[in-house]
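Here is the structure we will look at, set down as structure tokens.
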Amino acid sequence: MSIIFGAQDATVDYSVDGWGHLPALGPVSFQIEAGQFVCLVGPSGCGKSTLVRLLAGLQAPSAGLVTINNEPITQPSVQVGLMSQEANLMPWRSVIENIALPLELAGMSSSERGHAVNSILPRLGLEEFGNAFPGELSGGMAQRVALGRVLVASPDALLLDEPFGALDAMTRERMGMDLLALWTDLRPTVLMVTHSISEAVLLADRVLILSPRPGRIIADLHIDLLRPRQLSDTHSLRFGELARQVRERIQQS
Amino acid sequence: QETKSVVDQTFFMTFVPNVQFAPIYVALEKDYLSNAGLNVTIEHGDENVGVDLIATNQRQFGLISGEEVLKARAQGRPVVSVYEWFQRYPVGIVYPLGQGIESPADLAGRKVGIPGRFGASYNGLIALLNANNLTEQDIQLEAIGFNAADVFCVGGVQASVVYINNEPLQIQNRIEQGECQGYSGVGVFSVADYADMVSNGLVTNEETIANNPALVQAMLTAWDLGLKDSIQNPAEAYLMASAYVENLPMTDDFRSALEAAASSQAIFLEEASPDRADIAASRQQLLSDLENQFDAEILVQFRVLLNTIDLWDADQRGVATLESWEATAAVLRSMEVLTGDIDVSGAFSNAFLPE
Amino acid sequence: MAQEKPLTSAISYTVAKPVPSWHLGLVLRRFVPWITVLVVLIVWQAITMLQLIQPFLIPAPGDVLNEAILVLQNGTLWVHIQATMGPVFAGLGVGISLAVALGYCIARFPLLEDILSPLIIALQSTPVVAYAPLLVIWFGSGPNSKIITSALIVFFPMLLNTVAGLRNVPPGLRDLMRSLRATPWQTFTRLEVPAAMPVLMSGLKISATLAVIGAVVGEFISANAGLGFLINLARSQYDTPLVFVAVLTLTVLARLLYSLAAWLEYRALYWQRHGRYLPK
Amino acid sequence: MAQEKPLTSAISYTVAKPVPSWHLGLVLRRFVPWITVLVVLIVWQAITMLQLIQPFLIPAPGDVLNEAILVLQNGTLWVHIQATMGPVFAGLGVGISLAVALGYCIARFPLLEDILSPLIIALQSTPVVAYAPLLVIWFGSGPNSKIITSALIVFFPMLLNTVAGLRNVPPGLRDLMRSLRATPWQTFTRLEVPAAMPVLMSGLKISATLAVIGAVVGEFISANAGLGFLINLARSQYDTPLVFVAVLTLTVLARLLYSLAAWLEYRALYWQRHGRYLPK
Amino acid sequence: MSIIFGAQDATVDYSVDGWGHLPALGPVSFQIEAGQFVCLVGPSGCGKSTLVRLLAGLQAPSAGLVTINNEPITQPSVQVGLMSQEANLMPWRSVIENIALPLELAGMSSSERGHAVNSILPRLGLEEFGNAFPGELSGGMAQRVALGRVLVASPDALLLDEPFGALDAMTRERMGMDLLALWTDLRPTVLMVTHSISEAVLLADRVLILSPRPGRIIADLHIDLLRPRQLSDTHSLRFGELARQVRERIQQS
């Protein structure tokens, strides 16, 4: 049930009409251990989303290899939950129906689905909006629905592409801590793209830093803050030191 | 000769250009029309549309079925038939020989094809059935569109209402090529043998008759000449029609044979002053001559022309009788197409017949 | 406040307005089509009364009404309506299901488009008269020929709209379904059908009226009953009022079918009426 | 790598693949439709050789070819092609422009839909034969009647697809244009037309073949030239090979028109071939 | 040319099918002076985007009044540039064509447009992507294109709804300072929605803080940091104090 991600010299080139090849990513090599919480940071357009798509099995590398549990990835896996950068909600489904989608596809009965979704709605702060349609949501609310959709199925691994990008600082912190609690309980393998250095340091075991396009791993920092972690840890000296390290490595790139 | 001003006329005809319209082409080719100061263009289209065009005086002349005139008049359209083009009703029922059909009564219970329950073929069928004490319910009538030859030859129907100058020939052709159900031949019950009905005629409207009788007279005279020439010299008519009817079977050999026939026929007409029977015989002679030289493919449309001539030929061309109009009206009444009183005598006129 | 009027409609998604919608207005709108009908009737009456066109080309509304009452009372009209509408519904069913099925396959396997397009376009562009003999021979003059002509005419627009609709499915949602390991059938029912719905519904509305035309064309070729047959019959009898009755009946039936399709569209696109559809 | 095959096509937007596209494959694909044609020809030949269907229903390919060469050489075919295609193009032009113009107005003023829909649907569902007399009386038997029948048949699908297309314009982009104070014309040309393009192009492809049908229908009612006329002529002479030549010519012309429309679509939707279209 | 925004008891209720009225915003009253740089912060779904739409003239308030230069807002104005929360790029236009859209609508000649867009592309970090289509951009790149589109027309007022939400910390800082430089030059009135407290304090003259839905103004803080400001100001004591104030006010809500 536990998931190990790996990449060996994985590279992505996009072929662009009348332009030739656009190197978008890599080569990158890494291994993410089962149950590890890894954050991925890097400048805009460096290939983070592309890397996530590789691991999600939505796209194949132009060269090199990406693996799950040391098997090459040939297609998406139900054990891996993906939250992509866009909310990608179905406009014809209500909030509840959008969140329930993975369960529905897995063949879960309607009442079980209702139960699962209703238990997650308050955590998303969307109690009142279960029957709203995506067109009636604010940007941050849509993002929370998308997060709910990936969490509801309790997958063994989470690929989260900027899951909190549209949220205000407080909601963001709360949801981050929520995610951490969930992770502590179930221990999924997590790869999360974020632009917030403090968020990365607060949540992750490791922070991978990518160079500008084509993104390569320029740093792989071990975050040795003790667990369980609290929001107040951000005021600790060690936290400041680690955050500074991350920032410096990014600036050097 | 005084120079008359030229009158432009559009002449309405049904269907598409066809060798059956040869007299029209002959009149055009021989300048009978232009000599009468008429510049005529031909227009083909749906018959009901044509009736309305004439009724609204958008057109002054057309070639229209007699029963259409009656029905149209019954519905307030002031159209008048002034020249009966066909002397015999062209509709009949084609049936295979040796399949137990000897008389119309044998059609009872059989599948009979018909283009549809409307138009001349339907009227003719009813007249024929009436004359044989049958009703529509006695046969299995099947609407098959204008596909009689095809449907008949694949056995879709056991007999079919057709135009007797055309489809039987096509079917005969297929029988000879062994493509028609293994039938050995076909026979035809001709409506004209059972009922005297009016058929196609030159039709104009009351307004033109009232305001421009000279035009009607001129027009009829020209068409009549064309008709006469066609009857008397079919080879010439066929040649002239080929200029108007695309795709009319024609080869160089056939053309020169027809040209030779046409000129010898002209001499024959000039020198022998033959009567109707002589001329009919000369047509038969021509056909058998041609049959010796050419295969059936090439001759088929020429034979259609000869068959059609048989429907035209009469001692006095163009004349209509009240009896035949009454008979037609009676059939239509029996079909409840015509209801109430209608003044049949107003539907036609012999007043403009050329001498 | 004189806000610039957004380009919207009752059926489309609208900017959620903070003002309550004027419900009386919605009710009144239902009557607008009838006003048009009324205007047409008045113009028609005027034309016949002023004798602008000969009455045998366009008869007076009263005459048409009398004729209509006649054929309604003696049951003729009803027989012909049934003879036409049966094949219309069958043709719609056959044409649409085939078109959607094939459209799905074509959108999924583009090669299929290359393989089939010559055949499909040939089928679409060949005038029915050309294969009328085959139709009559193979399917007789009963309802089957009509069903086929009706299905044929419905097929092509529905096919193209199905393909266009399926190709417009947002790729992000496609990726979502892939990442959830949805089966092709799940993807079809949960994503492709709803996403293609606006275009499919446009195709359905086109089909609804085309199916009627198709059946009538079939009846012109060969038939013993039906409204197309009735038109031909009335025309052959120069019974213009009856022609009008038959034609107007067709119009009403087509309009009803169209309304049915429009109602289905309204129901199917319920979500477009909720807030703005902003893909977020 | 056995990636799950995404539901895409040459013309649709595709997941930008990191692998170079196999250009030889694209070239080969061009030949696929011809293979279909070849298969059809072989089947056809087989049917006639095995005498499965009477030759007067389906003549041998060779006979049809001979006939075709004949009418090509003597120029007849060309005359009829011109007589048909002129009205087809004119009808397409008239029908599409009217449909797009009216479709725009309807999408913009929903009330107009209520007002006009009875008329439009009446026009659409009334069989041409019903108003054929009026057509011929008012427009003669020349090309005008054909243009009108052609335009009429094109009008409705194009209208519905225009409305469907315009109603699918993303509201976010509409807001953008409003906030930039774009004039209605600017909004139309810069936003509505490109956004509705996929559905408009589907409508254009439907129209392309329907226009041919429309002109042929017009020719069946009254005409002195054209391919529909030629079909009737050949049928009246029981010249099945000539019927086939005329029908196949129609098919080829319709196919050419369709290809033209598909090419226009390919050009117009160039942007769908660039990356994934993710509304961001 | 200078723009003053105002609101008096402006309220927005959305009517939701089978639900009745959803109070989304207000009542709010405020005035934004000409040339002022105001940041708007508040929890997700509190009505920030709604308020921006009101001021942009895209939507009318259910009650109350919104004004530009003391005139009620009845329609969008060309002097006001809006960057909404979604990038809203036209997928059929290249990056250059998307950015040039406002100029094109204003009737500027093609060569002038090219000039203007080319001068802005490097600032957006998109020199290489001028001919790319939106489908070929990463999330952050798309957002930068949308920003370029609003800046290229040099409007007298800017309404920016989370303009930097999808950017990494460094790019975000750089673009923020860029915006500040531009503002110093041209002095447009700016209302910017952001979820970053430090960004708000660094850039703004005033920070407006909204309560949870329906958003009301619960604080209107004057940011008295000296101008011109630099990134290094974030390390100053006063900055820390102000940021803490903002954070506290938000948490009290």
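Note that the chains take the letters A, B, C, D and E in the order they are written out, and that residue 1 is the start of every chain.
Note that contacts are C-beta pairs under 8 Å (C-beta built on N, C-alpha and C of every residue); 3 or more make two chains touch, one makes a residue touch a chain.
Because the structure is predicted, anything quoted here is derived from the model rather than measured.
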item: Shared chain contacts [chain B and chain C, defined touch]; value: D
item: Which two chains share the largest set of C-beta contact pairs; value: C-D
item: Averaged-CA centre spacing for the pair chain E and chain D, given as whole angstrom; value: 47
item: Interchain centroid distance [CA atoms averaged], chain A/chain E, Å; value: 27
item: Inter-centroid spacing, chain D versus chain B (mean Cα positions, whole Å); value: 40
item: Set of chain D residues in contact with two or more other chains; value: 4, 13, 15-16, 57, 129, 133, 137, 170, 172, 178, 232, 235, 274-280
item: Of all residues in chain A, the ones touching two or more other chains; value: 14, 16, 57-58, 75-76, 86, 132, 136-137, 139
item: Multi-chain contact residues (two or more partners), chain B; value: 48, 52, 56, 150, 154
item: Touching residues on chain D, where the partner in the complex is chain B; value: 54-57, 71, 76, 129, 132-133, 136-137, 141, 221-224, 229-230, 232-239, 242
item: Of all residues in chain C, those that touch chain D in their complex; value: 4, 6-13, 15, 29, 32-33, 35-37, 40, 57, 106-108, 110-111, 113-119, 121-122, 124-127, 129-130, 133-134, 137, 156-157, 160-161, 163-164, 166-172, 174, 178, 187, 192, 198-199, 201-202, 205-206, 209, 212-213, 216-217, 220, 228, 231-232, 235, 243, 247, 250-251, 253-255, 258, 276-279
item: In the complex with chain D, residue positions of chain B that touch it; value: 15-18, 42-46, 48-49, 52-53, 56, 58, 146, 149-150, 153-154, 170, 174, 179, 245-248, 300-301
item: Residues of chain C that touch chain A when the two form their complex; value: 13, 16, 170, 172-173, 175-183, 186, 190-191, 194-195, 197, 270-272, 274-280
item: Interfacial residue positions of chain B with respect to chain C in the complex; value: 48, 51-52, 55-56, 68, 71-72, 74-77, 116-119, 141-145, 147, 150-151, 154, 156, 337
